Amino acid sequence: MESKHMLSILQQVQEGALDIHTAYEKLKISPFEDLGYAKIDHHRKIRQGAPEVIYGAGKTAEQMEGIIHSLLSHCPENILITRLSEESASYLSQRFPLTYDKLSRTGIVNRKECITASGTILVATGGTSDIPVAEEAALTAEVLGNRVTRLYDVGVAGIHRLLSHVDSISKATVIVAVAGMEGALASVIGGLSDCPVIAVPTSIGYGANFQGLSALLSMLNSCASGVSVVNIDNGFGAGYLASMINHIGGNES
Amino acid sequence: MESKHMLSILQQVQEGALDIHTAYEKLKISPFEDLGYAKIDHHRKIRQGAPEVIYGAGKTAEQMEGIIHSLLSHCPENILITRLSEESASYLSQRFPLTYDKLSRTGIVNRKECITASGTILVATGGTSDIPVAEEAALTAEVLGNRVTRLYDVGVAGIHRLLSHVDSISKATVIVAVAGMEGALASVIGGLSDCPVIAVPTSIGYGANFQGLSALLSMLNSCASGVSVVNIDNGFGAGYLASMINHIGGNES
Amino acid sequence: MESKHMLSILQQVQEGALDIHTAYEKLKISPFEDLGYAKIDHHRKIRQGAPEVIYGAGKTAEQMEGIIHSLLSHCPENILITRLSEESASYLSQRFPLTYDKLSRTGIVNRKECITASGTILVATGGTSDIPVAEEAALTAEVLGNRVTRLYDVGVAGIHRLLSHVDSISKATVIVAVAGMEGALASVIGGLSDCPVIAVPTSIGYGANFQGLSALLSMLNSCASGVSVVNIDNGFGAGYLASMINHIGGNES
Amino acid sequence: MESKHMLSILQQVQEGALDIHTAYEKLKISPFEDLGYAKIDHHRKIRQGAPEVIYGAGKTAEQMEGIIHSLLSHCPENILITRLSEESASYLSQRFPLTYDKLSRTGIVNRKECITASGTILVATGGTSDIPVAEEAALTAEVLGNRVTRLYDVGVAGIHRLLSHVDSISKATVIVAVAGMEGALASVIGGLSDCPVIAVPTSIGYGANFQGLSALLSMLNSCASGVSVVNIDNGFGAGYLASMINHIGGNES
Amino acid sequence: MESKHMLSILQQVQEGALDIHTAYEKLKISPFEDLGYAKIDHHRKIRQGAPEVIYGAGKTAEQMEGIIHSLLSHCPENILITRLSEESASYLSQRFPLTYDKLSRTGIVNRKECITASGTILVATGGTSDIPVAEEAALTAEVLGNRVTRLYDVGVAGIHRLLSHVDSISKATVIVAVAGMEGALASVIGGLSDCPVIAVPTSIGYGANFQGLSALLSMLNSCASGVSVVNIDNGFGAGYLASMINHIGGNES
Amino acid sequence: MESKHMLSILQQVQEGALDIHTAYEKLKISPFEDLGYAKIDHHRKIRQGAPEVIYGAGKTAEQMEGIIHSLLSHCPENILITRLSEESASYLSQRFPLTYDKLSRTGIVNRKECITASGTILVATGGTSDIPVAEEAALTAEVLGNRVTRLYDVGVAGIHRLLSHVDSISKATVIVAVAGMEGALASVIGGLSDCPVIAVPTSIGYGANFQGLSALLSMLNSCASGVSVVNIDNGFGAGYLASMINHIGGNES
Amino acid sequence: MESKHMLSILQQVQEGALDIHTAYEKLKISPFEDLGYAKIDHHRKIRQGAPEVIYGAGKTAEQMEGIIHSLLSHCPENILITRLSEESASYLSQRFPLTYDKLSRTGIVNRKECITASGTILVATGGTSDIPVAEEAALTAEVLGNRVTRLYDVGVAGIHRLLSHVDSISKATVIVAVAGMEGALASVIGGLSDCPVIAVPTSIGYGANFQGLSALLSMLNSCASGVSVVNIDNGFGAGYLASMINHIGGNES
Amino acid sequence: MESKHMLSILQQVQEGALDIHTAYEKLKISPFEDLGYAKIDHHRKIRQGAPEVIYGAGKTAEQMEGIIHSLLSHCPENILITRLSEESASYLSQRFPLTYDKLSRTGIVNRKECITASGTILVATGGTSDIPVAEEAALTAEVLGNRVTRLYDVGVAGIHRLLSHVDSISKATVIVAVAGMEGALASVIGGLSDCPVIAVPTSIGYGANFQGLSALLSMLNSCASGVSVVNIDNGFGAGYLASMINHIGGNES
């Protein structure tokens, strides 16, 4: 666990190969580098199967091409690109083996399935319009090494649809509940399950939903315990967090 | 359907008992009086059993005493007083036969049960803290001549509590769904029933519920059809509207 | 009222035709199916004349074509499509007998008039710009078997226009009041009538109307009793709820 | 129209009684003083009868006593104090001839009636709870020399009450419309009249009125022309502006 | 002042030319017609020079053509069209003598100058970007028979620009202050003048101006007396109200 | 996994001990009871050590006494009471062995330490004023069987305080980050750790923090992955969720 | 500038007095301590005269007593306490030489005047109600070693009051502009001066000022360059920042 | 310091060359002109190197061409144009020597480097998406004669990136911190430095960032002292203010 870099500097001082003022200058910034290495270290663990993520919004296809080339040098598989437009996907697919999901606008370079956690993540949506956000969460979780069950269009206005899947709910290690409009899905699922529920409000709806504010407030005020909330439409964040939690449960043997 | 007042003026003109300028002056304002009468007429129908309502907030006990005396002259029973403080209730109960409900702060002078509509109004709440608002709705509806079923603390976080009363829900003519926090009750009940659901957001909760805004937005964005919303904490409005709808279904025979 | 499905399973167990473990598996989910059937049952009643509704926003013409084909198998008439673009309407009209209303962007496949409720629904608007939302409400109500009276452009800034139609108002069983800007129409109509008023705020206006928030708050705070509110621009919701209420008044004989 | 002060300085320079550098120093700030005088000049006209106003909120009775003493030296009558608590009023009334209105918490020292404008200001309210704000407007206008007609509790939910006073409305030179809740009064009055309407939203109501925001937005979005809005509960501002407009119409002869 | 229509009915009854039941039917609705006539009457007075206004937003060029034809039958001059697109203006100018102002997107059919009020309206803006809204106000006021002085780009960040026009400010009968961003212009002008100031917040700015909310709140909270506010970007409303107030001051002789 | 209750009914039918109609009646509601049992079952697992929680806000001391008596019958230890006032705590402590924490206003009846999860929960706060909310989270987690490390007053304005505890951060299984004002703590901790971070915005601060809105929005928009948010001041919710996640990591052996 | 602590460790390694693993452990956390020292170092410069500040809100008098004792050990003068209640001030003044300002609720222990910057800070307010916040800023700046000029009640509604002090404005090195209501003061002062203006919105006002939001938005949207904003009512923050900027201009010689 | 213009008028009066009424007319407006001159005077000082700025948004290329020609007559270098579109830049670059930065959409005519202040301005961003706003700030500061250090993509989620540049932070005279999303960068930098930090919230992000509101509130509530805030995306304002503060520190020698 000790830092080789710091130890090597100390050793050189001990051996007289380095004067203490030069050593001081080197050491002054090394802890931050160490912090950085540490971060990469523990990241490596969780990122097994998906070492890097590119947020595609606001990046040109050419910029992404460059980033992918750079990443491929030390990470040959499962590079995830979120918010990837169809045009950019088309450009990249001519240069890399790219799996592209139109609905969620998610791309994966050199996709390779690999389950690293023993539990299951359930991704549920209130309506069919919430599916793009849900798929971003599901694909993120899959790329990060998780088993994912999808349960779409089980909104609370037709509660029997949800209840007929109570088994899937009770088997999940962690649940991602994606809903727009009144966002009640998170509360109902939270009441039916005893595992963590990550609520994702979507901007689906019109009028007084105010671009997702309605579902956001609803989910924050959930009367069910075990529910927490990520940003509106943040499928990636929910999938990433779900993977973190799922990996706490132990690796796939 | 013709107005006796207007016809009598016209008759006096025809008979020469009234000159046309005096008649004109009388007629100029009579339509509004007629409008007024008409309003009182059709109101009489719905208000059988509870001719008048006093909004108690901001009125002194003495002011309310005066109003009640005046009302009693033409309406001997079931005078409803909402938002009535315990102090004022104590004062009034020494002067009138007053039924007072502490929880909802509702008083009824000369209460007399009398069912005038054949259907049933179901009043449901998400939690126990929503009961004061629910009771204001229930008592209002009862005073207005309705049968009321109460179904309290059936919030969506424990959906089985609600589902075990699916019979009460299916038998109602109109439902008042009272909930704070995430306000999901209205959507779930709306999905389980095929009758009108009047949603009442309450200011119950804390933090990001913003004094009822959370439940209000949630209910306005309900994905269930047949749901409409009244103001935050407006139990009276919901009970009054529920009575209106219930009386459409025909009188008790 | 008993469920044939559940009873038949129990009978088979009684007769020894089914072992209890298989029966258990069948029963475990049947209540939910029953719930589902029940829902379809009571829905059938209210949906006489319009068994299904398609929310057209975000669906391709091809997707809607598929849904319509599926629906036509058990429901030959009056399939309602809301938020239907002109392009999709053009596509669908080449495949089905489609009645399309440009203004409200509403389509009806195999439209057939059929009045199933004895009362009348009045649909009123404050201005001419509110008419598209009002027509969505009116057409929805008509397809669901209701008589509809339209009273457009009777905004409160010219109160005499509204007053000259006081007869239509007093004859309605339920009123849909559609208004943008300051949304005062709901309160004024609520004061003139003694039937339920469903208020629909519209996003019509500019500046401090904040996309309908102004009319929404105004309607929620209506000083007239009997007024409830649906989401901004939600003509369909208002028409559907109005139909529910109107059918409480008894069927057309 | 010329400034005596500036001219006198120039004359002294012309006459050699003042060197130009001293004159420069005096002139450098005089325009601002002149501006000040000018302001006082034209204010004198409009303020005939009420030269000064004290905003009582946050001031102690002793502080107000001092200010009144100072004002009385050059203005013997009709000193207006708004937002004056009962306690402070009691203190001041032992020292000055004070007329105090409990409802609007307005005090007037040395009140003397004096009509200086020929027109009439109509002050109307939607409900009885709006009267305190309306009285602040009415008393302000009276103290400033205006004839005021009060028309209280004519809210739009009972439109016939308002219509029966259509004469008062048509005779007004300027109207102050005070309303809480949905604030529709301003639009209806704006539609019935052809004179300027100053709308005052009040914080009266509960729930989704959000301390007056509901009425404020409603009034800003009024579909009637000729309506403008002042701050929530700002009765003084409305009365002051109404007086300004009324005095444009010419003095009482 | 008496209504000829009502008197003639009464006379016919007196003379036996009309039975009272028929007379009743005729009278029942006539007050509203009278109300309507009255409105048109007093409207005629104020609208001298500009009898009609068309709100162009959301209307096709063809629709406007039809309305103009209809209006021209009883009002030959100064028909005002606000929010008129360049395309529609081009279409209409081939059919009517149309004066079109690109900046404010305002059109006037058969424009004819005619001053009917003796005072002057000052229209001021904070910046050059506020000019389109200001011009809508100024042109509206001119078409309605007012003398208008323009004072543009005198924002408070360079207060000397405003102060150098203190004469124009002091000569105005009513002032329209148009400003976006922090909207401080209304307060400063309100402090410099003693006439009514109509504040128009504009949506000019970015970021935390939230489409004009910043200027709106600023103007509503003005510490200067005599300031009232219309909706964001509502140049027409301000010009119309300014004309109302200016005409109180007496006609041009 | 099969339900004994349902199987026993089926067996009685098979054996002729129960007629099918009675069986139907029993079965009709049993799935919901089963659901309920199931819920209790899986709850039992997580609730080892703390079977029940009482939300003390709005409950009288007497009401809570009754609930505690009822709970004690089947759950002898670690009954948690949140939002418990000092007065009620004093009342209850005379009747039960109560551990009371003044700061967080949390009470525990029959407290007994018992660690059931192998990981550690880190609870961190930005300032000292956030500690009451943090303690509610920490005590909740402890009562639910977790090891808790406290790291208080490590706000980002003095980042070195946080950095000197980077070891505690890296050793946690799940982190609860409690902060008011700008709420940046969650992002910084999220960047330093690779475990789930539950962010709790507090209402600490003044002015533009708008009772916690500032921290809430900040945390929802965190640029660090792995961060989710619960309601403002919801320490209990965070502690409960943290316990859920921590127990995924396996039991203490 | 080098860290003695780190150098001493390195020296011990060099001399063989410390093995490298023990040295590593010591060094791992020292940079953060160094950071801490560094911070204290550069703070010392700016804090000449006022080494420590106590935020009094939410602290008991006894807690503050303890903190002051601790601070006095290394900082004998000018300990600033903000948001200090009268009661706590009374308690502390019996134990320490305390200068207390009632208006701004600011206390200073062992106050000693000492000017350390050559420039001048101007603190201006729009009204008298803004003075408490302004005094917090002014006293903070004075305690931090600055010359402060006060310019109170120069709000924009009476612009001549402000203009008559244009000299004070032009002589300031940095200006703190404190205003509630419409907050226009910052823009006007920003336009008159060419030095940095720190705008402090106050919560003074009522109605649509929404507890300072109005002034806050106004100031953020200032059309004058050189204006930045701190939190609502944050006098301390403004005074502290003003001192920072003023000390850039060089020390008092 | 005396105004030549005013003195010359006074001299002419003294010499009899000007009568006092004509003098009065001339003097009446001269102070404002003087104010104006004064403003230009002190502006000249700070604007050394960049006498004029054009806000390009909403201006045509032709309009800007005209303004530039006019400015060039008295200011030959460093004319700054913000919010300049690529199209307009292309047009202008054919007519003037224009340096154009695509990212920040900033143009500079006749750019000439010239450092006039001795300190350094550090411009930092949280992410790469914030760079356009940061570049607007940096280029503005450079054109105004400042040394600028850029520190981009040092967001708090990876705090080690920021910490490894702690030297740049400690050497800055003033810092501009540009961040979207949760805007925590300003607090962290504020805690690490002891110089003024100007925080610029950006509209970067999605969902609950509400176009920059999230970062704005976060920055206003910063727990670090010395932080103030400008409008969302207002890079120019931050650069301008930073230059003001940096020039307080003395000129480059």
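Going by the order they are written in, the chains are A, B, C, D, E, F, G and H; count residues from 1 in each one.
We adopt the following convention: a contact is a pair of C-beta atoms (placed from the backbone, for glycine too) under 8 Å apart; a residue touches a chain by one contact, two chains touch by 3 or more.
Here's who's who by UniProt: A, B, C, D, E, F, G, H = Nickel pincer cofactor biosynthesis protein LarB.
Predicted, not measured: the structure shown is a model, and the values here were computed from it.
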item: Chains touching both subunit E and subunit H; value: D, G
item: Turn needed to bring subunit D onto subunit F - CA fit, degrees, nearest 5; value: 180
item: Chain whose average C-alpha position is farthest from subunit H's own; value: B
item: Averaged-CA centre spacing for the pair subunit D and subunit B, given as whole angstrom; value: 40
item: Mean-CA-position distance for subunit D and subunit C (Å); value: 50
item: Interchain centroid distance [CA atoms averaged], subunit G/subunit H, Å; value: 25
item: Interchain centroid distance [CA atoms averaged], subunit D/subunit H, Å; value: 42
item: Subunit A: positions in contact with at least two other chains; value: 32, 35, 39, 158-159, 163, 192, 207-209, 213, 216, 220-221, 225, 231-232
item: Chain pairs that touch, as defined at the top of this document; value: A-B, A-C, A-F, A-G, A-H, B-C, B-D, B-E, B-F, C-D, C-E, C-F, D-E, D-G, D-H, E-G, E-H, F-G, F-H, G-H
item: In the complex with subunit C, residue positions of subunit B that touch it; value: 35, 38-39, 42-43, 45-46, 119, 163, 166, 170, 173-174, 192, 194-196, 198, 216, 220-221, 225-232, 236-238, 240-241, 244-246, 248-250
item: Subunit B partner contacts - residues on subunit F that touch it in the complex; value: 29, 32-33, 35-36, 39, 58, 201, 203, 211-213, 216, 231-234
item: Residue ranges of subunit A in contact with subunit G within the complex; value: 2-3, 6-7, 10-11, 13-14, 16, 20-21, 23-24, 27-28, 31-32, 34
item: Subunit E to subunit H touching residues, read off their complex; value: 129, 158-161, 163-164, 206-209
item: Touch list for subunit E against partner subunit G, complex; value: 126-127, 155-159, 163, 181-184, 187-188, 190-192, 205, 207-210, 213-215, 217-225
